[in-house]
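The following pair of complexes shares a single chain, chain A, combined with chain B in the former and chain C in the latter.
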Partner chain A sequence: MKVDVQSLGTFNQLAHEGAQEATGSLAQMTGMDAEVDVTKISLVDRQDVGEELGSDAFVGVQFGFEGALAGETVLAFDEASRDTITEALVPGGAADEAMAQSSVEEIGNIMMSGFIDGWADYLGATIDHSPPQYIEREGADILPASVAGERDQIFVFRSQVEWVEETIRFYIYMLPEYDSLTGLLGEHADAESDAIPIEKLETFNRMTRSGTQKAADNLGMMAGLDVSAEVTQISFAPIEDVPKQIGNETYVGTVVEFTGLPSGYLLVLFDEQSAINVAEALMPVDPQEEGLTEQHEAAIEELGNIMTSGFVDGWANVLQQSVDHTPPKLVHDMGQAIIDPLAAQLGQHQRHAFIIDSKMQTDGLAFESEIHALPNEAELREALQELQVDRADQTEADVEQIF
Partner chain B sequence: MADVLIADDSEFMRNLLREILEENHEIVGEVENGVEAVEVFKEQEPDLVMMDIVMPIRDGIEATDEIKTENPGAHVIMCTSVGQEEKMKEAVKAGADGYITKPFQKPSVMEAIQDVVPS
Partner chain C sequence: MKVYDGSQVEHAADPEPERRKVGIAEYEVATEGAVLTTSGLGSCIGVALHDPHSGVAGLVHVMMPSADEVDGGDPAKFADTGTELLVEEVTAAGADSDQLVAKIAGGSDMLDFSENGAGIGERNAEVVRATLATLDVPITAEDVGGDHGRSLRLESRTGDLVVKSAKQGIDRL
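Our next item is the complex of A and B:
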């Protein structure tokens, strides 16, 4: 089964337009102006789906759908948003639990019909959905249990929606059945052009997890911590949406440009407190000054360098090529300000981007780190064409054998 | 005791290497890129160069190649975060005598040095 970039782009656009339709319905009913922030399709480890929801309490509406495309969708709000929406629909209704549930259920029904209809129209077929089911759960538990299917990796469409001038944020997830989606992708793939075997995309995703764990191990060895890779996924989104993939908090980290097959950019980012904590774990003596000092920055710069190598070396070894990278450039800015110029650079040659995201953390220290890779899309496709799946576990080079 | 030149663009890493090495060796210079590494090598003629690969201006493999061309008897250990097989082969081709990947522990550094410049 193969997938081509044009089909991925089309399907992502369908999900985005579906989310816009759903959001438009909600705005019309509540009078609150909302917009779809970002829509992306991700190939993600089953266990990592919904990781961005943390452990917050959510209310949601869930549907199953079947026909030309089969799977499940979920519309998830945080609890405070539910009350805001209910008040907008039925003033005073938030105090009435049954009314609140009914409001969300109906609004979900209308929104998700809009979401699904665009797919049916595009495919020229019927997609039926089940009655809405109201749910209240924490974090990723808001997502349907069928996510826990048999496959290690699944495709997820995720739209993030924000209300203008309100503190409401909600998510629309579409979790298609694997065979149903890949069948459609296969039917739409142009086998003569740039189609990538899905198996290779999955293998590459596994290599990314291995690279993240290597980067985490390198960090752990330097800082004397047990660091684990938490999330890895490969996503596909329009280039203009790439900056929205990173939050707008302030980050400290490194950016490198890598050259080879593929070329692109790689960011190793820490939130400010994590940067301070991890840098101090590397320093032989505590710094004299508080906050982020030049000593901290020097440690972060080298850490970024070592983590970058840990991340990309596996790709190079599996592909039996060398991937060079520039010396790390220290960055300290808001997330989108860091990634904006990189996306603009890539945008000169491509309309969509594959984004490779990883997160890691440790129990021994207040610390989180993210790695984001932005490969040149055409070169990544070329690399995937050359990828030999049976070499995928050969990520490590044996120094002893060479020297 | 060997005379050692450290070539690494990271101040943090130069400090770390100096702390590991200065107990048993003489640090004759610390430089931040491949061009400086070649220059200081010619001036100081150290017994050993601990050479990073990813450095600005000129990388460590090019610098090693130039040092080995200048003095085939020179000793160079690549000390780098890069763990790619193809890059290791390039280092061998340039004449590197050893290869240590970061992050490293003191014993592995001392062992690599002992292999290249036995005391």
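Our next item is the complex of A and C:
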């Protein structure tokens, strides 16, 4: 089974338009102006789906669908959003639990029917869906517990919608059954030369996880911590949505350009507090000044360098390619401002980008680090094509040996 | 990509102006005193237009220099077509093209890996300036370049462009 970049782009656009349609229904019913902030397709380990939802409480509606495409979809609001929606539909209704529930059900049904109908229209086929079910759960539990299929990795379409006036967000998740989606992607693939065997994409994802683990080990060794790789996913989004993948909080970290097959950029980022904590774990004595000092930055630069080397080495091994990288550049700025020059560079050659995201953390220290890789899309495709299938099988069987 | 005309929301009891977010490769036009914001500009540029007489204002967040250099994409993504589009849209919303003034911010080159030639930020700025010159829209203020990110807030009532950065604090253009 192969997927081509063109059809990934088309399906991403379709999910985005579906989410816009759904958001338009919401705006019409409530008079509140909301916009779809970002839509992306990710291939992610089953247990990591919805990790970004943290442990917040959510309410929403869920239903299954089948036909031209089969799977599960969920619309999830945080509790504050639920109250806002209820108030917009029934002023004074938020305090009434039953009223709040029926408001979410009503709006969820309308929004998600629009979302699924949009897909069916595009595919020129029928997609039936089950009656919506009201759900109230925490974090990732709001998402369907299992999508049919045996695979460890599943595709997730995720749209994040924001209210213009308020800092309220909700999410639309669609978790198609793997075979159902890949079948459709295969049918819509129109340029054979662009096609990536889907198994290789999965292998690549697993390899990225191992690369992340190697970066985490390097960090752990240097800082004397037990650091674990938490989440790895490969996503696909229009180039202008790439900067939105990173929050607008201030980050500290390093950026390198890597060359070889593929070329691209690699970012190792820490939020400010994590940067302070992890840098201090490396320092022989506590710094004199409060906050993030030059000493901290120097430590972060060094960490960024060894984490990058670990990650890139892991990658190069798997791809059987030589991948070099520039010395790290220290960055300390708004997340989106750090990544937009990189996305713009890539954007000169491609309209969509693969984004590889990893996170790591440790129990011993309040810290979290993110690694983002932005490979040149055509070169990544080439590298994956050159990756021998027997090699992929081999690495699958014994990942540890490779690293 | 919506034109805000103030008709959706009642403001009678609310002195706070409407706030609208402008995403990357997007633009907004305000005719009723709305505040337009955009955040996390690195090499991207925010082009703010304002006609002080009609009070019409617009903000576009462009990402790359020229639509000619790449195959396809939204016009608001590029410095040339994005600037042209915004001038068209504010004019369509009632601005007098002879009265229009521009303020621009962004275009930093904090992560320029290009070995020769100008970085994306600098090229974005050049193209915005050239496009505005062609359209006879004068630039009355700018905060461009450097090696830091910026967030912008365009107050359409006054045409003030507030530039915020982690390192340089707040500046009102």
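Definition applied: the second predicted complex is superposed on the first by the 384 of 403 C-alpha atoms of A that agree within 3 Å, B and C clash if a C-alpha of one lies under 4 Å from a C-alpha of the other, contacts with A are read in each partner's own complex, and residues count from 1 in each chain.
The rule is short, and it goes like this: contacts are C-beta pairs under 8 Å (C-beta built on N, C-alpha and C of every residue); 3 or more make two chains touch, one makes a residue touch a chain.
If you're wondering where the values come from, they're calculated on a predicted model, not measured in any experiment.
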Counting only touches as set out at the top, which of chain B and chain C does A:308 meet: first, second, both, neither? first
Going by the contact rule set out at the top, does A:344 touch chain B (first), chain C (second), both, or neither? second
Touched partner set for A:218, first chain B, second chain C, both or neither: first
In the superposed arrangement, does A:186 touch chain B (first), chain C (second), both or neither? neither
Name the contact category of A:326: first (chain B only), second (chain C only), both, or neither. both
Is A:317 touching the first partner chain B, the second partner chain C, both, or neither of them? first
Just chain B (first), just chain C (second), both, or neither: which does A:257 touch? second
Looking at A:244 after the superposition, I want to know if it touches chain B, chain C, both of them or none. Which is it: first, second, both, neither? second
Considering each complex separately, which residues of chain A are in contact with chain B in the first and with chain C in the second? 326
Which of the residues in chain B come into contact with chain A in the complex? 9-13, 19, 54-56, 80-90, 92, 96-99, 101-103, 105
Residue numbers of chain A touching chain B in their complex, please. 218, 221-222, 282, 284, 295, 298-299, 301-302, 305-306, 308-310, 313, 316-317, 320-327, 396-399, 402-403
Which residues of chain A touch chain C in the complex? 31, 33, 35, 37, 162, 164-165, 239-241, 243-244, 248, 250, 255, 257, 265, 326, 329, 331-345, 347-349, 351
If you look only at chain C, which of its residues touch chain A in the complex? 8-9, 18-21, 23-25, 39-44, 63-64, 69-74, 77, 108-114, 119-121, 124, 148-151, 166-167
